[in-house]
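The two complexes that follow have chain A in common; it is paired with chain B in the first and with chain C in the second.
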Partner chain A sequence: MNLSLLDPFAVAKEYPEVLFSKLEFGHSTLIKSSYNSDYLASGTIDGDIVIIDLDTHGIIKILRNHTRAINSLRWSNCGRYLLSTSRDWKVNLWDLTANEPIRSLRFEGPIWQAEFSPKNQPFEIFISIFEDDCLFVNWEDKDDIRMSPISVEGSEESSNHYILTGVYHPSGNFLFVGTNKGLVNIISTIDGSTLFTEKITSSNVKNIILSQTGYRIAVNFSDRIIRQFKIPDLVNEEPENWVLEVEHKYQDVVNRLQWNSVSFNSNGEYLIASTFGSSHEIYIWETTMGSLVKILEGSKEELVDVDWNFKKCEIYAVGLDSGKIYMWGVIVPQKWSALAPDFVEIEENIEFMEREDEFDIIPENEMAQKNLELEEDIEVDLLTKDTIDARGFSIEKSFVIPLKLEHSQNLFE
Partner chain B sequence: MSSKIPRLKPVPYKESDLYQPLLAPQLGPGCGTTEDIPYNKRDFKYKPCRPNPFLLSKMYSTTDLPPYKGRFSYFDRSQRMCINEDCDQCTSEDCWRSVKGSLPIRQGRVYVEFKILNSEGDSHVRLGFGRREASLEAPVGYDAYGYGFRDLTGQKVHLSRPQDFMGSFGTGDTIGLLIQLADRIKIDDIDRDEIPIKYKNQLFFEQYDYVVTKPMDHLLNPVTVFGEKAIPDKDRYKPPVIQGSFIKVFVNGEPKGTAFENLYEFLPPASELKKGARDDGSLGYYPMASCFRGGKVQLNTANKPEFAPQGEKEYLMYNELYDDSKIEEYVWDLIDEVESAWLDELGL
Partner chain C sequence: MVQKVDYELVLDIQLGSGYTTCAKFNPEGSLIAVSFANGTIQILDQEGHRVKELKGHTLGVSDLSWSEDGRYLASASDDTTVKIWSIESFKCVKTLVGHTYHVNCVKFNHKGNLLISGSSDEAIRVWDINNSKCLKTLCAHSDPISAVDLSWDGTIIVSASYDGLIRLFDTQSGQCLKTLIYDGGDVSYPVSYVRFSPNGKYILASTLDGAVRLWDYMDNKVVKTFFAHKQGIGEVSKIEMGKYNCNTDFFIDEKDPSRIIVVSGSDFGSVFLWDVKSRKLLSLLQASEGSPILHVQVNNGKLLTLSRVGECKVYQL
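Right after this comes the complex of A and B.
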């Protein structure tokens, strides 16, 4: 049912509450929903990438090239390209109109992560490599792939000091990286120079995530604390004046839980994290006050990767043992009366208050005259499309993955 | 009389019933609704009764509840229609609810006077005459069994179709309705078929009430519905009329003309019970008032009109029917007793 016809208070819920579905297509290790929230890419332990249509929850594509478990997946903003890395030491760029990778790189060691730059997608990427300098790669020209390594700066102990993870600032000019010695650096993507460095703690950085608005950054350290920083004004302020201000620290003081994976919601007002070990839950914090608002339960196993689908207001997580994809969402009660505006849904009987002339029968021509007087010329606009959806997200024309139905027979080979 | 063989013998009363006082429904100083009497509904009607040790076969006789006059009825009233202790005022907080008078007007020329106590703003009233079958959950004039007047426009309403008649009227106006029926109706037999029942420890006679007949209903909705199809009627039913009858309207005594002429006949076969068509003495035209959202009406229960209808001399006030009506009831009680005793003697 059309969301805009439903109860606006139910539609406007900020975060999901109910586990409504479980999907199982192979043993999933990693999930990522596309920017337009139409598709979900799931990386499996065998190296397959399964594209799931989120309206039907059916597989529409399986991408096969990797031979080991997928460990990073990124969608391009347009929704057409997918960047994947795997434990087979390969980085692949997929064009979803084809079934083969259009670019592929094999490295000398395992890769942590690959990331699309907001600029010049899908050909400018950032790759972090196990115990090696990370790279900016431009592979626009297939035969002339340019790579520029970035090493850790701003630390005395430069031996065994590597960048583990990174995330682009929405402007595309800056890259936030986290190192294995607890440093958070800001690197210029133009010349690869380190503009800012700060040692937060001495333990590994596990994930860095940035809110879509570009105001907040959350860093998951292996000292069991997620730190949330306010991003300084990178464009107008000089790098010397930049300060990374800790807004909140999220940690479980009692159980000292380790956090597996973190994610923001669309406007950065909520942060979610999956937990390591025997606690099978997802924590949701509200980021302005830093308070825990909800714990999502329902899985019977440890959850590894989490992903927040903004437009559908759903949270997905992958179970460690079974590889199932758990889905939490908002259940909006159906309101069929919205289709007939002169009907009202009532909870209990109400007494009908008739009009003074309710029983009177007025001849048809008089009635028509009366109705004519009441009716005003209302122009109904049938042509202009809505620009925002029921949850306030702008409606953009997004890439639709072409389906070849005759192909689907050998999809499951 | 033959219709009653074998007769249904009433349940004998207990001795304590003889000493049970006749209680009028409890009503406060304002208008209220009553809890302890049955309402006329589901094709049954009620009237109060008393055990009577002089009537050996019939055992019960008809009686009346105070106040003893021509007034609004306790029984012939929508459950949500409120009346006062004197039974001469009525009001409803809901939408259209109606009440009828306690006595039928069966013959002659009778003047009924309504005073409008409130029809301000959202509140409205409609006044008129209705027969036994007229719906109490609708304004008077809704069906073929009533003739009404609308305060908002002064229109006359019959079969739900308002027609322009006079100017609007409202709070403070006294509307006099003069109804002329047949001068004298022929009464062959009154067959009352009444059963004494106990309701909340009080005795009442229960009788079949008159039911809306199909042809009369088709006057209001001239269509026949077959599933999803509605087929309009080809021939319009012409109910029998009382020749020379009319309803004249007076506003504060000032004549406004004749609103309705040749009113529909009420004597059988024009009125039907669930089984058969016979007269039980309750047929006739009743004064009827309908109130909408706080509309309030007062019925004149005196023997003198507040505003004498100009140009009219020969008429009875509604209250003047009271004594005759009660005497008639008593006579029919005696006739019923004789008849029942004879049937008992035959062993039927």
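Right after this comes the complex of A and C.
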């Protein structure tokens, strides 16, 4: 609600510009903010998951079960569940009201990533595994965990061909996957069949991200190019008519930079990427024209994971060497006229024109009486709440992680 | 035709000797916390029996606030600290130290992670409860802070001060967003209480000239004024209140949600119930024999009143 009182120019900013804070809670490798932008989960190099309250920038919870670095983290849409994978070959599902994982799976080898399906959260997930078929898992029933493997289709070279990463379409019926041979496939989540396949290039897919609106997909390949595609109408068109149309290619032609991690903003109009190697910046592109609009600077080290917090309009990134979390945001200037209601801030001089009744002397009582009479007809609605804020996001109370104040002191030590 | 508000006294307790300062139902309505000028806090059940006494403050307690889940109670004291008590163990779990003079008011945000306090040191502080750390100190008033409140989504803080100003602050950045001042000619009366409407779009403010005003803060104007009349319904001469910070609350009639009533305590033991739309006084409830009503609270259709000399009453509205 505060946004409607702030400087509209600052509120209308589409992307953050200023590095305003650095957080250091252990050596972070990975970060993810919750859908409602209240919390930030940070996975550390020794397997802890630190939950940071973004109102206070303080730790409110540490989830301990993994024994090696966390390599993927996902929030459920409701904000109550967290899905984590780690280099200890485990996938855990956490309920944030408790401190122990409520579901856990251990594999025979390393895991790349786990994703929540938009349907039946938090019990339907997708897991991609190192040099093995990836899996759809339903673990609603603890004692009857159902797994269905998916292998790569649509390519002649089937040996050593694996799915590395995947992302669900918002409908929950389709999964976009990327393989180590440069294929982008669309898989039906209903029967696991491959509906669409296209070879884009011959190098690894590093990440696939989908805009929340479901219009765009961006694929980060290890050939140093991020390709942005328009998603075909999956629901109404037949799979044989689907085309993945390249909208833009993002690359640094001069320095030939590799991109570490990519993220969209809420409506998919901006794309950010962190850079590999000696460049310590985050690039922001505008996605309709494909132009570079901003380079975020300020860190003194290579940045690995990036995350866009939509509601707060902030970008977070993790430093490779120090494990610090860097935070960029929009700085709203103090309106000095807010402190003195009789003053107005003006851009330039205005010539004074006296209003007709400006210096009329009206007896105080008369004035007060007049004001009171005016009040009679004013309709007031004290109950109806706004449902969206000034940036267009819905405002509603969401899941709050309960605090345990009795033993919160020195949580991190 | 303005309909009167019916009420029925369901609980009438006399709380010992000594002055009482604040009484609040927990969100569930099963417990009442009462604070005393000697620094103690009593937790009572619905029948008025004492469940526990919380001791720890060295000077009087002025205000209390329940967390939304009802597990914690915050207390503001003249000993310059704010304490947070667990209602499961009845122990003090946090002491927030930072104010340099009497703390007059406290408020939890809905998530229970932030606490706002206002003090006679003229500052408002925003606390990270979990780490007992003061995140921000808002120094924009030039007299003691009498009340603070938060919008329902927790993003705006409103404060009332004896300097006559009502200010709105951004919770996240601590910036002052707006200042409201009632221009009543030469003097602006001290603001003794302030609260947001349930949807956070209006502010209800009490001033020591005996008026309660409803502000549309986006528009910077008063949209409704409610006056306290000494003789009750029909009497026109308004009275000066001037001494005590009697607070207010909204009562939303469940049978008729379009009817919203403003409830306010007064200096001389009466509780006023005004209809928001027509600004008419609907009922005048004598909750004390002349002792000021320091606190009123509406919770699940029940009205809790507390006088300065320990008369604690609950009415079914």
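Just so it is clear, the second predicted complex is superposed on the first by the 369 of 413 C-alpha atoms of A that agree within 3 Å, B and C clash if a C-alpha of one lies under 4 Å from a C-alpha of the other, contacts with A are read in each partner's own complex, and residues count from 1 in each chain.
Here is the rule we use: a residue touches a chain if its C-beta (ideal position, glycine included) is under 8 Å from a C-beta of that chain, and two chains touch if they have at least 3 such contacts.
A quick note: this is a predicted structure, and the numbers were derived from the prediction, not measured.
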Requested in this report: Give one of first, second, both or neither to describe whether A:V253 is in contact with chain B, with chain C, with both, or with none.
Outcome: neither
Report task. Considering only touches as defined above, state whether A:Q334 meets chain B (first), chain C (second), both or neither. Result -> second
Query raised in the report: Which holds for A:M289: it touches chain B only (first), chain C only (second), both, or neither?
Result: neither
Report task. Considering only the touch criterion stated at the top, classify A:I346 as touching first (chain B), second (chain C), both, or neither. Result -> neither
Report task. Answer with first, second, both or neither: which of chain B and chain C does A:V235 touch in the superposed model? Result -> neither
Report task. Scan A:E354 for contacts with chain B and chain C and give back first, second, both or neither. Result -> first
Query raised in the report: Given the superposition on chain A, which partner contacts more residues in chain A: chain B or chain C?
Result: C
Query raised in the report: First (chain B), second (chain C), both or neither: which does A:E364 touch?
Result: second
Query raised in the report: Touching chain B and also chain C: which chain A residues?
Result: none
Query raised in the report: Which of the residues in chain B end up touching chain A in this complex?
Result: 94-96, 124, 138-139, 142, 152, 157, 159-162, 292-293
Report summary line: Listed in rising order, chain C residues that touch chain A in their complex are 69, 71-72, 84, 86, 89, 91, 93-94, 109-114, 128-133, 135, 140, 151-156, 167-168, 170-173, 175-181, 184-185, 197-202, 214, 216, 218, 220, 222-225, 250, 252, 257, 260, 276-277, 279
Query raised in the report: Along chain A, where are the residues that touch chain C in the complex?
Result: 1-6, 38, 53, 55-56, 58-60, 332, 334-335, 338-341, 364, 368, 371-372, 375-376, 378-386, 395, 397, 400, 402-403, 405-406, 408-409
Query raised in the report: Which chain A residues qualify as touching chain B in the complex?
Result: 351-363
